[in-house]
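Heads up, the next two complexes both have chain A, just with different partners, chain B and then chain C.
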Partner chain A sequence: MFQQFSLNHVYFMLTGLGWTIGLAAIALIGGSIAGSVLTLMRVSANPVLSRIAQVYIFVVQGTPLLVTLFIAYFGSTYLGFTVAPLTAIAVAFSFYAAAFLGDIWRGAIQSVPVGQREGAHALGLSGADTMRHIIIPQAIRIATPPTVGFFVQLIKNTSLASVVGIVELTRTAQIVSNATFKPLEVYLTAALFYFLVCFPITLFSRRLEKRLSV
Partner chain B sequence: MMRFVKGLVLAAAATAALSSATLAQATNTLDEIVQRGKIVVGISLSTPPYGMTDANLQPAGFDVAIANLIARDLGVELEILDQVSQARIPNLTSNKVDIVISSLGITAERAKAIMYTNAIYVDEQMIIAPTSAAIASLEDLVGKRVGVTRSTTNDTIITDKAIEGTNIQRFEDDAATNQALFSGQVDAIVSGVAAANAINKETDQFQRKFAVRQSPMGIGVRRGDFDLHQWLNTEIMLLWNSGEIQAAQQEWLGIVNEELPRF
Partner chain C sequence: MADIDDTVVEARKVCKFFGKFQALADVDLKVSKGETIVVCGPSGSGKSTLIRCINALEQHQSGDLVVCGIPLSGTRASIDAVRRRTGMVFQNFNLFPHMTVIENCMIAPMKVKGMSRDEARATAERFLKRVHIPEQADKYPIQLSGGQQQRVAIARALSMSPDVMLFDEPTSALDPEMVREVLDTMVELAQGGATMICVTHEMNFARQVADRVIFMDRGAIIEAGEPEAFFSAPRSERAREFLAQILH
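And now, the complex of A and B:
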């Protein structure tokens, strides 16, 4: 009854890898947009906005992504509307990533020395111009390593998508491992696929850091 | 902080009230299935030999065979939604699937959340251990590591029956549980007949030690879906009389039940 672990299975896992890459793209784009909004709220001079962002970060960082995903997918039905699996994933991952990126990016912005802001003010730059031309370019350099670290983590977290019925890389590995009863070989192959996706991102981050520090 | 927590509790209570209101809505899934010409069945494809993939990576197994017979007799197309075992009941209660055929053991606890049809298979949950191990009863498991797949009735039964001092270790799926036994990470596992047969085909180093309990499996239907529930019970009776359930049991599980409990 059990099959040999073959190239056929590896092809099947490649279709799972396609889903994983797609999900990662959704998570990174959605998370970056939501994270930018949250960062701006967090560093804003308006105490109400800043407080809302703080409470949001506090709640979402303290909840496992799996639970967020469960609520987004199954919970929405109880509120009277049906969401597609991909919508639930986009919402849950964006909300989750926003809470982390919001804090990472706030930290980066606030760690730019105060003198920079004061200098820009003395030169007569407006608040928005100071942010755009002085603070953010310097903050990006500080934020790159933790942001990339978080992105890589987020890519691996897409394995949770199987709970909403998406057959991504980890789920294909589970299915193949249960058809072949060769978990070691199958999961090592899956690990290799994840590495092939994550490693170039880490390399790119190194290069970006070098370029920005010159 | 307290006010915030209070707010959360209120929100949770409101959601719960709202959800029971939504669920109370009468729906007729049977008519819906016939109208749309398609039945969506939740099956876990990582639970051989119930749900798995064949050499061409198409869905196969006992649950898939039963789903095909049901779709054939309803005269509709079959759509299989692969699901992890923890998602089996949420998928059903939140309308993601029409029915669940996913080696779903019948328990009183689950029957509070969903309705079961009559049984389609009665499995025997047993302890499997290395042939050389002297294990004959639950007492012999004290101080030993016992592996089981989480969110299954195998897990429920051993958690319930194990004598204090038994070290239960839970794994994600059957492949991981079996691998734990093969590699000596655990001293014994709790498993069904079919899984035991599968292990015996691979090696004779492990054997069935003793049965813990009989476990009937049914098809899961949403609470209140009485028309569909009744149609499925009729279908199960017809498939049993025509011998098609027995043939599927023989093909995938290697044993045929003498009779199926009806309730």
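And now, the complex of A and C:
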């Protein structure tokens, strides 16, 4: 017999939401760190580093996240060591996010007008000081909307983690839906949960944009 | 004759190429302490390139260029040393939009000279007074008129106490009613004894304060002389044509 869609199911889905948030946090942090490295490589004066970063971005952006995830998960087994699903996910999501963030941030840095760099150099500021005090603060303003857009995308993409056995929000919704046969109610609830996570981020980004755009 | 120590900029047969295109051709120039030089010439004649080579924003390929006693040899050390002793004012101001006016004037003294925040603030305030906009200190550049922004840019450059100030068409991007206030500031600077190289077509400014006017065409210095002599009786045909054009 089918069960009623009850509060217990909602609690169960909340544990899934917990996993979703955790996965998103891993992806955002790992992706930001790796993305920063890629950005620095991409804008560095060293053509080899820049080229490596460019090829990396090209390849990873062109690969579906699901495929990246399978490669990280099954690839390691193939190579003879087993990884915990969470490790595979952390690696895959970070690599994936890095490719997009590296590109977004490079674009932002390069779209700061060249006169800003020249103005700083003419004052005698070093390359590092110019980057830190002149270019990056302006690049952050430019990069905020697309970065937040990508973060929201990434949070939603954590649903893919279910394929390696993680019971996150979408997976819990599936389970509950199968048990209750109330797919519409269940998936609307899941949608609401995703919205409750993503909306504050979008709101925060709007605030930040306003504060930064003097 | 000027003492050798009085030479701030000395160029000997300086050449600069962009790919195959020669932007500077055997430029010889000597600027002494306290002199005001006006550089003019048609668009594309290499005026910007010349002053950008002088503060090492561009690197020349041959000839000798000695600025503030430092031979520009293309090494990082010589480039950094020259940049911190030369001030540059750009056509488009190039103020830092995310910083207030006073922060624009404090960043270099703090980061390059290692001044404390208080020291840098005091210096910045002094130079903002000098360009007559101390009351704008806490505004952002975008809240200022073009003329005020350019005066901030002048104060920002002065805050490093440079040995020579370089101006690249500082009034060309301004609405006509704001040109005067910027030129007045430059006149005061010149009369206060600053060493200045100004790319400008403002002939009244040149008449008022220039020790020499230099006329460039196709990367070369064609003529150099006192402003009155140059404007009333240019020797070269090209300078005559150019002057006829800017006098429309």
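Quick note on the criterion: the second predicted complex is superposed on the first by the 214 of 214 C-alpha atoms of A that agree within 3 Å, B and C clash if a C-alpha of one lies under 4 Å from a C-alpha of the other, contacts with A are read in each partner's own complex, and residues count from 1 in each chain.
FYI, a contact is a pair of C-beta atoms (placed from the backbone, for glycine too) under 8 Å apart; a residue touches a chain by one contact, two chains touch by 3 or more.
These numbers come from a predicted model, not from an experiment.
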item	value
Which of chain B and chain C A:N8 touches, first, second, both or neither	first
Which of chain B and chain C A:G165 touches, first, second, both or neither	first
Partner chain in contact with A:S126 - chain B first, chain C second, else both or neither	second
Which of chain B and chain C A:N178 touches, first, second, both or neither	first
Which superposed partner A:T147 touches (first chain B, second chain C, both, neither)	neither
Touched partner set for A:T189, first chain B, second chain C, both or neither	neither
For the chain A and chain C complex, residues of the former touching the latter	115-116, 118-126, 129, 133-134, 137-138, 141, 212, 214
Chain B to chain A touching residues, read off their complex	4, 15, 18-19, 22-23, 45-49, 52-53, 55-57, 81-84, 86-87, 90-91, 93-96, 172-176, 178-179, 198, 201-202
Contacting residues of chain A [partner chain B, same complex]	1-3, 8-9, 12, 55, 70, 73-75, 77-80, 82, 162-165, 167, 171, 174-179, 181, 183-184
Touching residues (chain side chain C, partner chain A) in the complex	55, 57, 80, 83-88, 90, 92, 94-98, 107-108, 111-112, 140, 142, 156-157, 160
